[in-house]
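Take a look at the structures listed below.
Here subunit A shows up in two complexes: once beside subunit B, once beside subunit C.
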Partner chain A sequence: MTEDQVKQIVIDIINEIAPDEDTTDLKPEVNLRDQMDLDSMDFLDIVMELRKQHGIEVPEEDYPQLASLDSCGAYLTPMFNAK
Partner chain B sequence: MKQHYETVIIGAGMAGLAAGIRLALAGKEVIILERHNASGGLNSFYSQDGRKFDVGLHAMTNYVPKGTKGTPLTKLLRQLRIPYEALDLCPQNSSRIHFPGCQLRFNNDFALFESEIAAAFPKQIDGFRALAEEVRTLDAFNLGAIPSSARAAVQRHITDPLLEDMLFCPVMYYGSAQEHDMDYGQFAIMFRSLFFEGFARPLDGVRVIIKLLQDKYRSLGGVRKMKCGIRQIQSQDGKASAVVLDNGSVITADTILSTAGAVETARLCTDQPADAGADNIGQLSFTETITVFDKQPADFGWDDTIIFFNTAERFRYARVEPDRLVDPTSGVICFPNNYQYGEGRQLEEGFLRVTAMANHDAWCALDEDTYRAQKTHWYDKLQQVTLGLLPEAKLKLDTHRIASDMFTPRTVRKYTGHLNGAIYGAPGKIKDGRTHLDNLFLAGTDQGFLGIVGAMLSGISMANLHVLQGG
Partner chain C sequence: MQHSRIVITGIGLTSPNGNTLEDYRKNLLEGVARIQLIDMRYMGLVPAGVCDFDPKQYQTRKELRVGTRAGSIAVFSAREAIASSGIDFENFDKSRIGVYIGTTEHGNVETENEVYNISKFDYDTKYWTHHHNPRTVANNPAGEITINTGITGPHYTIGAACAAGNAGLIQALQMLRLGEVDFALAGGVSESIQSFGIFAGFKSQGALGRHDSDVNKTSRPFDKSRNGIVVSEGGCVYSLERLEDAQARGATILGEIIGYRINSDASDYVLPNPERQAECMHQALAVAGIEAGEVDIVNTHATSTPMGDIQEIKAIREVFGSCPTTYINNTKSYIGHCMGAAGALELAGNLPSFQDNIIHPTINIEELDPECDLPNLVINEPRKVDAVKVILNNSFGMLGVNSALIVKKFED
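This part shows the complex of A and B:
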């Protein structure tokens, strides 16, 4: 799986948990929180869906790795490929 | 019944159902156990003579239009994955605070309230604006140098005791478990939910909200058992190990979330004395009268949605003295018909509801006949107070009244188990939800947030913090 595919998975999850947010023009290098109205409870849901839909466990101390789409790609892609 | 669950939730009120949805969304094995035969807890409904009555739900606070970012309602719906439209929230007409010689109207547009205060209290308006600005930006959980007493904090801005009382009356009635004063952070949360955000109601009342929560929970595979009261929480080495139901069966759990109240929960624990938490039992209980008409309130000339009233010189928000059953000098009047339901939509019958403070012990000490006689007496008395506050009725009340009911602190105690019938629970809130046992947590009324929206947010945040994030 490529980093771009993983980023798309994250965007799909955001669309699902926050349907009122516009995810069409997200800048991959910018913090998600600076581009959308997401709070820590929403990040908990991203982690929850990664586990439920893809069996990926993100430990709490690694939540900061999910800050932007780029960092999500870098952090999660090896996990997806190791499955 | 299965004997082990990852999480047991005590209570199928707003908090328990919301917590259940969060846990079921995460794929946890969760069961909600409720003593009563209906969901909703303090905010439920019942049928009498084929007519459905709401308990609670004058107004759902925290109303904002769809998509209003960063507000409690928007966050709550997102966390529960419930679409905004499903709540059928219809905004209020307008409401008022009615004190001797002074009235302040407000609606879901803060500008109205501000202009009313500017007109009635020209010398106070700058102070009021400063207060509003402070409340808008305040971090309710970190007050810094600001006094934690809301009275003291508000007096820094408002010097007229009449205006001070008029601001406290609605805020306390809709969200204070404490007598006389409240925590300033809690004041700020309530002030925002009433005046910056606002009031709304689904046409079909609280049923809509309960059904939505129940259906969502069920669709996610959550288990709910009614008429399953919990009699005991057993523990071992500082950890809750099992709950014992009224029928004697035992269920074990990794985590227990209780919405039964702080003291009520402590007293379920076998390692606690029967009188645990005696100094933190709520003192405030209420009575409510419900009157049904074959006409709309507007036909009588009554257009308000909610009226918070006080007829005494100073507003007193405190336990009713034990030698009295009801304190009729202040309260809340609600017309559920007076919401903007949209073209062609309206409740078929007219409703008038009046809430006032009442003494729990006094009501519970009455024998059955006296209880019924006192209900009639106080129904009439509250009706009389109400008529004194409303514009003169264009129709004769007695001709158009087709039903009435009244509930007392005894009713609240019986159906929700809250000690003293204290609707807002214990005065000392447990903000982190922790108890003396490692894996037993509180949610709902006694965790801190009050009201329908507050209880749901509490259920969500405690489920997130203690189960999903692993404590």
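This part shows the complex of A and C:
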């Protein structure tokens, strides 16, 4: 799985958990919270959906790795490929 | 002690047969019940009253995803009440507004849903949602109103089983009189139709209503063949103000709360106690400073259970049995039992009679149970009277919590 595919998975999850947000023009290098109205509960939703839908477990100390789409891609892609 | 007079200045509601007071009232006068069969987890089809308001009218999709159905019902009803009140809400001091919402129960729906969710993951609790606690705290429906509207005054729910709608209004009245708030949003809400446990509990108790041929006849208080409750969702929120404040801003006054009482049976978990119910009504009349015969309409709580209806009629007979111009009706025959919203919604259904002097009937009576017979029970057809000036609204609940609220047509 490529980083772009993993980023798309994250975008799909955001579309589900934050349905009022427009994710079409997200800048991959910019923090998600600086571009959208996402709160800490929303990030927990992302973690939960990664767990439920993809069996990916993100430990609490690694939550900062989910800050931007780029960091999500870099952090999660090896995890997806190790499944 | 001289108390401020407390008046109703706005109403917002969603009922199984109407999302505005106008539609709801029209259906009550035209005998339109709206009950449907819904597919209940683990149980199959059960009769229920379902509301069809558009929750996106006042909430974002995210609010809907994170919040609860009770919260949505509360937000819709509160927003409609604010609009109906005509208050300049944007410029009103939000710290001086209180939110007091009655609930029969809260949290069953969300807990059942999460248990079902983790059952799909071999009951591994790491799949249990972090939204569970904010969804299930008892103040959730009232809290969602404050988040949606920006109200920063006090908010909480009042748990009083199925007497909760009246209890919400009584709480608001007291807080206004104490000067704790200047404007109150109060009433009751219910999301109970999403909880299989509520239905299964009534079924195990032998109190879940059914009708073999017409689901809209399932809820039939006082009918000889009645066999139980129809669980419904719904919400009704009022704006209440002190009379002087309402008059100062030129508000339309829909009625004045002149009397109320909450008491306890102290006798049984489920079976109502007519002696205490009668006492509750007598005490509410005493607070109002009126005689029983001055009441024009008694809205019964009767839920269509074989025993409960008889018990309430005994109590009403004791209080109003010799009052020739006091008429008795029921609203659950149209919409089922809206649980925490019941008292508030049923009062709303009767309030327009201050203007049209028509008393909506209890419907679905094919053969009146002789044990429920009262001379002035309004059955199947509306009754036009010379004037409706006083309504007594009964609302009772499990563990023997009784409430009676008396509302008078406003006269300066």
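What we mean here is this: the second predicted complex is superposed on the first by the 83 of 83 C-alpha atoms of A that agree within 3 Å, B and C clash if a C-alpha of one lies under 4 Å from a C-alpha of the other, contacts with A are read in each partner's own complex, and residues count from 1 in each chain.
As a convention for this text, a residue touches a chain if its C-beta (ideal position, glycine included) is under 8 Å from a C-beta of that chain, and two chains touch if they have at least 3 such contacts.
All of these numbers come straight from a predicted model, not from anything done at the bench.
In the superposition on chain A, A:Ile17 makes contact with both subunit B and subunit C.
Shared-chain residue A:Asp25: touches no atom of subunit B or subunit C.
By the touch criterion defined above, A:Met48 lies against subunit B and subunit C together after alignment on the C-alpha atoms of chain A.
When the shared chain is aligned, subunit B comes close enough to touch A:Glu60, but subunit C does not. Under the contact criterion defined above, the residues of subunit A that touch both subunit B in one complex and subunit C in the other are 17-20, 37, 41, 44-45, 48, 51-52. Within the complex, the subunit B residues that touch subunit A are 25-27, 66-67, 69-70, 74-75, 78-79, 81, 83, 460-461, 464, 468-470.
Of all residues in subunit C, those touching subunit A in their complex are 60-62, 65-66, 121, 126-127, 129-131. Against subunit B, in their complex, subunit A makes its touches with residues 17-20, 37, 39, 41-42, 44-45, 48, 51-52, 60. Contacts from subunit A toward subunit C in the complex involve residues 17-21, 37, 41, 44-45, 48, 51-52.
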